Amino acid sequence: MTVALEPRIGAQAMLLAMLPDEEQSERLASRLKDLGYRVVHGRVGAMDGEKVVAAMESAVKRARVIDGRLYREGHALYHAILDALHGVARGPLMFGEIHRTVGLKFAVVRGPGVAREPGDWIAVALYGMIGAPAKGFEHEALGLGVFHI
Amino acid sequence: MTVALEPRIGAQAMLLAMLPDEEQSERLASRLKDLGYRVVHGRVGAMDGEKVVAAMESAVKRARVIDGRLYREGHALYHAILDALHGVARGPLMFGEIHRTVGLKFAVVRGPGVAREPGDWIAVALYGMIGAPAKGFEHEALGLGVFHI
Amino acid sequence: MTVALEPRIGAQAMLLAMLPDEEQSERLASRLKDLGYRVVHGRVGAMDGEKVVAAMESAVKRARVIDGRLYREGHALYHAILDALHGVARGPLMFGEIHRTVGLKFAVVRGPGVAREPGDWIAVALYGMIGAPAKGFEHEALGLGVFHI
Amino acid sequence: MTVALEPRIGAQAMLLAMLPDEEQSERLASRLKDLGYRVVHGRVGAMDGEKVVAAMESAVKRARVIDGRLYREGHALYHAILDALHGVARGPLMFGEIHRTVGLKFAVVRGPGVAREPGDWIAVALYGMIGAPAKGFEHEALGLGVFHI
Amino acid sequence: MTVALEPRIGAQAMLLAMLPDEEQSERLASRLKDLGYRVVHGRVGAMDGEKVVAAMESAVKRARVIDGRLYREGHALYHAILDALHGVARGPLMFGEIHRTVGLKFAVVRGPGVAREPGDWIAVALYGMIGAPAKGFEHEALGLGVFHI
Amino acid sequence: MTVALEPRIGAQAMLLAMLPDEEQSERLASRLKDLGYRVVHGRVGAMDGEKVVAAMESAVKRARVIDGRLYREGHALYHAILDALHGVARGPLMFGEIHRTVGLKFAVVRGPGVAREPGDWIAVALYGMIGAPAKGFEHEALGLGVFHI
């Protein structure tokens, strides 16, 4: 099936996070980079939000999707991550603390926003499984955060 | 680009909600119905959560994705909708009350869950734009709720 | 069945709110008044929290369970009501705004707290049905708030 | 005093959690079992929500109130526990993290819901003391969660 | 008493919002403008968050503290306002909906942030009285939001 | 610049928490004590809310701003601290759990409230920096809690 999502960074990031096949993910990431976006994707699994946030921040800086020396870029990324986590957690932003665990794929896309004005926006998408710390006792969860950078 | 998302109802619902082209949406919905899922999708835009919830409940019952006479099915749908709204709202579950508005596409998919056990699950996906009540002053938002039915 | 709850104002208020029979309620309320507690109970049903709060505040002041001229007593009552509503709402403190309605019995008990020290405490208990604005599509909900006065 | 609560699983579970006398609790639990309900009650005290959730999940499965092999039953139980914890916590779902501790009695009742339709519901009730980690510096708190199973 | 707050935009905005004397406020606002900051302050009172947000957005744009034609500036302002409201509301972001009202002074300061890097930050401070809709039954509340612009 | 804040305990506590100069802080604290208020201020920095709450409770009791043997005074203080933390956290009441850290100055003032009636109120103010656990990647945050004692 051919998918032609509008060139919106949120939908592209979400699609990238949901693709189950690494080869497909790479192809989509490449295509987005060709269009001028900065892109990174990866996996993170943990029982505490701290590790999820820290792992994503590291990956995003390492891939130079944001400039790790600039606080304002880190600030935008942080808020986009928290917003995405709200979608995953749906209520209290807690995982192990309330006896549940997450295994997530993340995708971060940076580029022009919807508004026709200068300046980048950043989209952080999370997709994965959330549930009891027992195989098979889990269902899908996802979230998206979008911020001006 | 060919997309082969795993047959997970959450990812399918999210993709359906994100497809910008009605023809594509119809094709994906048909394919899911062929696989035995019950599916409905549509649009809802409002400044208050009450209308979003009510509009979706009506559409889902009308399409017989749930049996509107059974409270337990309505209860599962309601919680899946609220969970999806958490992803859209990211914090207080409010729209007009804090001077923002949403225009959303929704998709609801019902069928077997991930666990290999009898009984359906329902996935509610929302995708759209959220922002100030002024054209162009808005960004993407989305959410997903998954419940046993 | 004979019930001998410890003389704790929270449990007494909750029991009073849950008793389905007005005669039983009156008997429990009388017994608590005989023990020196100030007590009021009643019913409130609405789709918005504002009416629930306002109706309870009026009833409690009218029954002189608090002195309506003293802000500190009103402040204690207000926070006890909000805490009880948290138990009923379990997440966003919203009813009609997210398309659900409540029909509640409330009970308020004022008297010495658990700690052996001077000064009263106030307990606000709520019990009732929450659900879709359609008969039979609802389940039980309850909450309790306890504050020093 | 003779108490005849309506046969509603939420009120019954709450009453069971509030009864201070183990003999009385056993009698109420027996009576509910005779009526066809599945019932378990016990105590849990901790400074972190994780232990409260885990201890209750274990007790409920061990007593076969739910079938621990079915994800959908575990999913219903989990959400009912979280809802009950919202009533106890009244705001952030945190205990030790914000320097407070809880000692709780829990009661779980499973059986037909209010709606006249097939399928069980589960009610989780919590009652106890919440406060500073110092004897006597605590007050009552309680909560109830009700879910279709 | 002579006050020499560090040149931090948050503390300056908070002080400006707390000054009870309009003459003093004008003097502090002038001094901040002389230092290169963009500043606006005013009053807003309402029972619903929507009016508070809308009134502040209008005032800030009218005073050209942000460029009302740029979405990214409006987005930063919006999030700073919401953060400040969290401090005022301390829990649910609701006022009239839970039967309380606010009368607030606001101050908005825009300029360089703490980090030594290019780009402005915006600070939104709110200070006032919150309480029952009855004179004298209210206490102080305040909040601050700080965002990169 | 001469500042004449109205004699409101919240504004005074907030100002005291924001003053960057210890000498100025001491002078303001002395002046408030001369007016009959009980006052304490200090610093607390941590990645978890538990330590922030515990450190403040100890300092306030040690300075005899509340009587540590009375639960009702501890209860008022606890709720005022939580309210102030809501302003600092603006959303989930979490710090290290979501990979951020705080360094705060606190000030607590106890005395007559705004209402002309007997009985003290307590104001807890927090001011400081919140951000990534990396120097310079942080911005200002503050909060205030006010309770009857």
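Labels for the chains are A, B, C, D, E and F, by order of writing; each one numbers its residues from 1.
As a convention for this text, a residue touches a chain if its C-beta (ideal position, glycine included) is under 8 Å from a C-beta of that chain, and two chains touch if they have at least 3 such contacts.
Quick caveat, the model's predicted, so the values are computed rather than measured.
Counting only chains that touch, the fewest steps needed to get from subunit C to subunit F is 1.
Residue numbering shows that subunit A and subunit F use the same positions for less than half of their mutual interface.
Chain centres here are means of the Cα atoms, and by that rule the chain farthest away from subunit A is C.
The rotation that brings the Cα trace of subunit A onto that of subunit D spans 120°, given to the nearest 5. More inter-chain C-beta contacts link the pair C-D than the other of C-D and B-D. Chain centres computed from CA atoms place D at the largest separation from subunit E. In terms of their C-alpha centroids, the spacing between subunit A and subunit C amounts to 44 Å. Rounded to whole angstrom, the centroid-to-centroid distance between subunit C and subunit E, based on C-alpha atoms, equals 36 Å. Inter-chain centre distance (subunit E to subunit F, centres taken as mean C-alpha positions): 20 Å.
Contact of a single residue of subunit D with at least two other chains is seen at positions 71, 75, 82, 91-92, 94, 97, 113-115, 121, 136-139.
Taken as a graph of touching chains, this assembly has some other topology, since it is neither a line, a ring, a star nor fully connected.
Under the touch rule stated earlier, the contacting chain pairs are A-B, A-D, A-E, A-F, B-C, B-D, B-E, C-D, C-E, C-F, D-F, E-F.
Contact residues of subunit D toward subunit C in the complex are 1-6, 8-11, 14-15, 18-21, 24, 27-28, 31, 82-83, 86-91, 113-116, 121, 123, 127, 129, 136-146.
Of all residues in subunit A, only 91-92, 94, 96-100, 131-132, 136-139 touch subunit D in the complex they form. Those residues of subunit C that touch subunit F in the shared complex are 69-72, 75-76, 79, 113-115, 117, 119, 121, 147-148. Of all the residues in subunit D, the ones that touch subunit A in their complex are 48-50, 53-54, 57, 71, 74-75, 78, 82, 85, 92-94, 97.
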